[in-house]
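I have placed the structure first, in the form of structure tokens, so that the comments after it can refer back to it.
Chain lettering (A, B, C, D and E) follows the sequence in which the chains are written, and residue indices restart at 1 in each chain.
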Amino acid sequence: MSEIPILHFLIISCALFCIGLFAVLTRKNAIMVLIGIEFMLNAAILNLVVFGAFDKVNNAGQMFALFAIVLAAAGVAVALAIIINVHRHYQTIDPNKITSMKN
Amino acid sequence: MELTNLHIAWLVKGMIYSPLISMALVLFLKSRRLSAAISIVTSAISFALAICIFSTIWNKEIIEIRSVWIAIGSVSIDFGFWLDNTTSIMMLLITGITFLVQIYSVDYLANEGQINRYWAHISLFLFAMLGLVVANNLLMLYVFWELVGFSSYLLIGFWYKREKAAIANKKAFIINRIGDLMLLIGIFMLFIQWKTFDLNQLLTFDAGNNAWQTTMGIFLIGGALAKSAQFPFHTWLPSAMEGPTSVSALIHAATMVAAGVYLLVRLSPIFTPVVLLILAIIGAFTAIMAASFALAQMDIKRVLAYSTISQLGLMVMAVGLGSSASALFHLSTHAFFKCLLFLSVGAIIHGLYSLKDKGLDEQDMRNMGGLKLKIPIVFWVYLIAATSLIGLPLFSGFLSKEAILIEAFLWAESRTVWHFIIPITALITTWLTAFYIIRQFALVFLGEAKHPNNTVHDASKYMKWPMIILAFFCFFIFFGFNPFNANSTWIMNGLLTVQEGGIWAIWVPVASLILVPILFIICKAMYVNKSFVLISVDSRFYQFFANAGYFDELYEHTFAKLISILSKISATIDKHIIDVLVDFTASFGLFLAKIFDWLDRKIIDGTVYFVVARVRGIGDFARKFQDGFVQHYIGWAVTGIALLYIFNHFFGL
Amino acid sequence: MEYYQTYIQKQIEELLLGLPYFAPEILLSLVFVLVIITDLVLGKRFRNVVPGITIFGLLLSGVLSVQQLATAHEEMHLFSGMLLLDTKAVLFKILFTIISLLVVVFSIVDFQIRNNEKGWGEYFVLLLGAQLAMHLMAMSSNLLMVFLSVEMLSICSYILVAYVSREKEVSEAGMKYILFGAASSAIMLFGISLLYGFTGTLNLFGDNFLGELSNVPVAASTLAILLVFAGLAFKLSLVPFHLWVPDAYQGAATPVTAFLSTAAKAAGFALLIRFISTFTYSMPSYTMVWPNFDWETLLIVLAILTMTVGNFGAIWQDNIKRMLAYSSIGHTGFLVMGIITFSISGEAAILFYLLVYSIANIGAFLVVGVYHTAFSVNLISEYKGLGPKMPWVSAAMVVFLISLVGLPPTSGFVAKFFVFSSAFEAYTIGRHPLIIWLMVAGVLNTVVSLYYYFKVPLNLYLRKPDRDMRPGNRLIYIQIIIVILAVATLAIGIFPGKVMNFIEFQLNSSPAKLMF
Amino acid sequence: MLTILLFLPILSLILVLILPNSNNNLFKYINLTTTILQVLIVIGLYFAFDNNLAGFNSIEGFQFVEKVSWIGLQLGSLGSLQIDYFLGVDGISFTLVILTTMVMLIAAISSWNIQLKPKSYFALLLLLNSAIIGVFCALDFFLFYIFYELMLLPLFFLIGIWGGSKREYASIKFFLYTLFGSVFMLIVIIGLYFSVKDPISGAHTFNMLHMMNPDNYLPGSLLSVGSESGILFGAPTRLIAFAVLFLGFAIKVPVVPLHTWLPDAHVEAPTPISIILAGLLLKVGAYGIIRICYGIFPDGAIYFSYWIGLLGVISIIYGAFNALAATDFKRLIAYSSVSHMGFVLLGLASLTVEGINGAIFQLFSHGILASMLFFIVGVIYDRVGDRQVANFRGLMTQMPRYSFFVIIAFFASLGLPGFSAFIAELFVLIGAFTSQTTNGLVPHWMAVAGAFGILIGATYFLWTLQRMFFGQARFLGAETWAKQLIDLNTNEKLVLYPLALLTLLLGIFPNLLFDIGNTTINKMVDSTMQIGAQQLEQLKEIISNR
Amino acid sequence: MPILIFYLFAFLLLSSALYVVITRNIARAIFAFFGTLFCLSVLYVFAMADFIAVTQILVYVGGVVVLLMFGLMLSNRTQLDSLLAHKIDRFGRLKGIPSLLLCIALFIILIHTMIISNLANIPWIIKSKEAETIITGVDNTVKSIGLSTMSAYIIPFEIVSIFLLAALIGAAYLARRKKGYE
């Protein structure tokens, strides 16, 4: 831990966050969007873990990371269920084609 | 018995309110007889009371009876009476003539439906007119001033089914309203100047000679000029002839139009010299103009209408010359003979009603002629009145007219040569007056009947007696014992100290009368013997003599032509300049109205629409983000964060 | 080993000490489980058992919450600073309970929910889950709890939105909602991780949170706070995190929409207030805010934007639910106006506003549901001439809409009045020039809101129906509820004193330094 | 008593709501009874009213005062909030209360033929009745505002449901316009409430009378006079507040250019509602200006008097020209209302006793005359469903009784002496004329221009008379119309006679009305000039010091 | 050497993540995603969070990826059949440019923030280093996590259980077609 600067971890997490965001914004498949969101979440979890390393007393970072992983997984499950539902109705999961409601 | 002020107040109230009560009663009566009876009786009561008051106050101390009507802040408006000689003469005149005209109307309007309206309106008029003359302050005067106008409106529009009457009464009211507002503004200016509306205090103020007072004076005379149909407000009066002739006689000849003169007389103490000069010029100009118009008229009533304008012009001029007394004197004498003229003309028209059935205009003088023997009573009273109008000696008209003329010359004498224009104009007016009235006389009564088989009936009972009574009042004897000197009349004596005429007292009557016989002959030749000339075409020599050396033709081609052209020009000016101006004002008003209407629709509502459109535009803009693409939503949200951050970072939010 | 034993013992003691203050939540958890079981066992035979238990559980938890009022006058840090119980939280919990009860009643009679092909057991389960999450949101004082409760409410909301899965639009709404929501929570989590990194603690009300945060550059703390705020803004539907709202609200079943626009929003406000109070918590004066982050300007700007976007967006809408969705965005803007005072009165104003708004909004959605059931209409333009067909419901709708516009004598006016008052107070204290513009914007938006709200009565009463419409189903019970809500709306409007004084009294009874 | 007056309609409203729909005729009788009772109460109050008490800004001058604490809140840092149910009338408001009950009675009678949904109609009418009475009686600003807003809703529906062909547009336009004006008021109300405290209890208060007393302003508050804190955007907040309030009320008056809701609303509204709109609603705006703008911000009243006068003059002339251009009879009358209300503004701007007395008189007079005029329009509209001026001719022959009242109404409106409008306009003009020399607020030319407006007024009324009533009877609908255009029935006479008599009575005995308000108005002018000038001085000082 | 491994995995992480974003082949993307997650867990180890790393692999690789795979197969059979996605026009790519710019901007903002905040010198970290309360390779994180879970974090832990139950029920409800028809 000590030999690798925190900054480097954070650069990686920031990059991952932005890559995830890019996926969210551009991919034409709801599942890929979900993957992008997972990237973003993981970037945050990485942050938590990295900072948590300095917080031995409360171990808050790692605990939070653990919870976050669980929550993310649950979120993916629900999201997938919804996406499958959408697929039943629209026969596609391209978010750009599912726009029956708009102004 | 010595009457106290309290008694007099009651008398005055009785005089004023009895016609008001009559109006209230008559308005809801269907019965012809009853309504007429009530109206006439109340007028008679008023008349009697007026005599009573007159006898009490004539040449006595001025009586003022005050009672507060409204008192708000610094303004206190009285409902009070101001009784002096002027008032008492006016009272007498108004009630008397009204009474007579009402009696006349019983027969004159015997065949009209909804006659109760007529009686009610006449009573209203009487009430308003009396209120006007007894008012002790300008606002009260103004109140009645407007009411007079209103009753005039109603009476002109008595035959409201006639399109012309409907237009005429509107015209009359609106032109009067212009004057009223000028008067009102003038009253306000006066109030600002002196903090009072009271007439009695007015007399104590210095006329001064500043711009404020001149402006004020111009506004004040505006009201009077409109009411008295003076240039440039005169056009309504001829149109007002659309009303029944009795109304024309009462309101548009004898009384209401004279109210303007009355007001001028009242206010003359506060007029600055400039205002007075303006009055004199307008009066003189109106007099000659209207007189020349009268020459060209074929409608029997219009001749008289222009004549009224012309005579009022003389009175206004007299006020402008500083001779209120002569103005008022002429007002009184004129009231009688002009009223009588109208009434007799009314009788003629009434007698010629059958013309109407033939599709002919019963008011057109070309359809008349030779009525002298058919309707002798009318003929005689007309003759008396006309003579009085011309101003032949022994008649009242002579006294008053000469008084004005002499005053005019005296006035000019003390000033520059240019000022003589005014008296000379007045003099010419008297000649023209003689000309048109003789012309009318000739056309109507002399010669042969144009429609011989037409049935004409003379004045009936109710019409006859009022005319005869009025005819008496056309003689000098009722005004003074000296038939040649106006200054000896009681009215003149009662009003003001008068100056002696000096040399003018001889010159002027001579000058004004000298032409009358000639004019009479000319007219007779032109209008009566015309047929004779036409028949005897075979002998030129004979004709030369018969035509008095072709003076007829000469007149026809020079004099008459000239006059005709002049009158036509004047008529054109009237029609195409004044009316155009009026029309223009009206159309400009309409134009403005259109513009405002457009403004209202486009600009103001347009602004509202614009705002609404912007609102919708913003809504539309906000809506643009809502395109249904969830990824775009997220993109906008992230952009939002970035923007917020950047904002925060660089602008310290 | 002994160290651990004593440590654990100590922790367990604290846990046990805290449990009594956690009673409503425990009860909700139990009812949650109970409902799952009942649904499995009895769900098919006795349809109404599940909602019955739900109502019962909600009522009971409400009663427990009310009881907490007495104890919550002290600020209670429970479970190692995970939760914080004070009157503010309790009041919010009571508010949630009231709203949820209304929503449950609404759901029972709603056509879509009632006739859902897959049953409705899960629906109430999830409602209870959401209720629990909201309770936690109101009490969270730890970033973990913040995230956890937000996620829990979100997940439950996602499923609720997508609940009537037979409908095409419902699933679409669900997908949009969950994608947007998941992205937002990822952003929030990133922000939380940064906050944690900067402070070394997750406890918002710990002594060192603000102190540590002050040590990093302003830009860094700003970014972290903004990212966390984004997650909250998503729940509150603040601009620019509002974009999911119209689609999700339109697509979801009407009771769900009602729930999202009222309860979920209220929970968001509870959390936002809690989160912001972190930044005033350890300040010397309660009106003083941590200087490194300009909450006031941020909130003013967002409030102006939000109310403007919401109200102006609503102008164009023809779908009644979408219109109400936009209007609820607009109301968020007004609510934020109440926050900027950072004072008790502002807080009270928000609570009052939320209560009033919720009643009116749920009422309006109820009417929408009734119309939908009775006439199968969804568009405002289809409402032509319906007013006289259902006189009481339509009259009540007018009352609700008036209240939403904020006109006397309804409670909406009083609420708006309080909110404006608190904004004005903020102005008199801080003289922030933007507040005047905020108030002007609020006023203008009120006028704009009138325009679109009154399209409804316009159609109901002023226009003639295109076709002959007869109510298919009169729904007497729901009509009664609607009328009661309308009467409540009026009554609170005419006599706001009782409610407001209660809120004020409760809030004031807490120590002053906790208030924001 | 005022409470009874206020809640009588509410009780009737409840009664109307409870009664079943089946007996449609009952509702109008309930409404009529209510309004008659109200008139009786007001007559009673008229005799109990002491003309010598000067109200306006001191509680001692208010009569029939009722004060009950309504909403009392301890708002923590906001201080305590005190809202009272506080009613009372002084000379100014009592005049308008009298007017309200009378116009409401007229409206009740003219609603006799309402067939469409009578229950809702009368319920809304009663609600409106109560709200208007409330506005005139309320002395608590909050209460005032509630009643003020409460008026909008019934009107929206009354215009929207029972109105003419463009009723939807008209009603929403009306609603938006007036709401736009009133919501801004809310900000000022809040500002006032924060700035004013009850001198006795020390709580923030909505009591208007406290707001009128400069001593009650908290030093350093936003709307206090003597400190730097009263500055917003570089201008004194008080003046801004005045302008905002004025804007709100001006929309209701209405003042050109904020008037465009009026022609639409008046034209589209059913006859009774037009009567109420013109007879009462416009008065509410003017009353607000007097009571609130002038009362609370006398400095603003002086500062803005020139502009208020200007707006008044513009309204007079602009309204008159528009009336001249109108082809719809009702639109003509509506625009004439704009013109007539301009006089109110002009009178108020003059800040002289005469001018303001005239303005109040004009309010009353116009209330009667506008009711009469709109009723007159309603008469022919009821019969043939048309009211284009060009489609009628010679109505006088067809309907003589009717025309009689038309002539009275027209001439009364155009300011014929003997009728109330003359007195009103006279005093307004006197006030406007004397203003320049006494207090220098309104220049002479405005008075002259106002007088010019009277002239145009004469023009359009007379023109209409000439076009519609004189001449040979000729209608667009020919024989059918001739059959439908029967003369007035008893009901209609019952409305028109009292109105005509009233305008006549007031024209002849204006003191009947002047006496009620005079003392109060004297005090109003005195205190406004005195306090206002003082405050304005201070404000200028502060501004110049900056 | 470990440092090199760190940077290697960091590189792998980012490149696989980028590949996920860029590739058109969904199946490959998912495998790359798997790779990314694995790399991440390696980084966790470097951050002294061995238990988290394991959990990451278990939950994500074992759960989420499989779930996603299933989801993909259920929803996108056609695309899986023809592993290569059909070509779309080149300009279609341009639509991503604003998003790309946005992401780059955000990246710059984030990195900028990280650099200016001088992470190594954040007071609490320094304090923690001084107090030697940082986790080192010899610390038993599992134990500490276990203790925390049972003590300070028990409430969140319990809540998560309810949360998961709700999510489970919800997901199951949504995924099934009709009541009693699995």
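Everything below uses one rule, namely that contacts are C-beta pairs under 8 Å (C-beta built on N, C-alpha and C of every residue); 3 or more make two chains touch, one makes a residue touch a chain.
As the structure is a prediction and not an experimental result, all values here were calculated from the model.
Ranking all chains by how far their C-alpha centres lie from the centre of subunit C, first place goes to B. When C-beta pairs in contact are tallied for every pair of chains, the largest tally goes to A-E.
Comparing mean CA positions across the assembly, the chain most remote from subunit D is E.
The centroid of the Cα atoms in subunit A and the matching centroid in subunit E are 6 Å apart. Inter-chain spacing, taken between the CA centroids of subunit B and subunit E, is 104 Å. Per-chain Cα centroids separate subunit C from subunit D by 43 Å. Subunit A and subunit D have Cα centroids separated by 64 Å.
Touching two or more other chains at once are residues 10, 17, 20-21, 24-26, 30, 33-34, 45, 50-52, 54-55, 58, 63, 67, 71, 74-75, 78, 82-83, 85, 95, 98, 100-103 of subunit A.
Among the residues of subunit E, those in touch with two or more other chains are 99, 102, 106, 109-110, 114, 119, 124-125, 128, 152-153, 156, 160, 163, 167, 170-171, 173-174.
Shared interface positions of subunit C, defined as residues touching 2 or more other chains, are 144, 148, 151, 155, 158-159, 162, 165, 175-176, 179, 183, 187, 197, 200-201, 219, 223, 246-247, 313, 316, 451. Checking each pair of chains for touch leaves A-B, A-C, A-E, B-C, B-D, B-E, C-D, C-E. Residues of subunit A touching subunit C in their complex: 10, 17, 20-21, 24, 30, 33-34, 37, 40-41, 43-45, 47-48, 50-52, 54-55, 58, 60-61, 63-64, 67-68, 71, 74-75, 78-79, 82-83, 85-86, 88-90, 95, 98, 100-103.
Only residues 175-176, 179-180, 183-184, 187, 219, 222-223, 226-227, 230, 234, 239-241, 243-244, 246-247, 294, 297-298, 301, 308-309, 312-316, 448, 451 of subunit C touch subunit B when the two sit together in their complex.
Residue ranges of subunit A in contact with subunit B, taken from their complex: 21, 24-26, 33, 95-96, 98-103. Subunit B meets subunit C in the complex at residues 615-616, 618-623, 625-626, 628, 630-634, 636-641, 644-645, 648-649, 652-653.
Across the complex, subunit E is touched by residues 635, 638-639, 642, 645-646 of subunit B.
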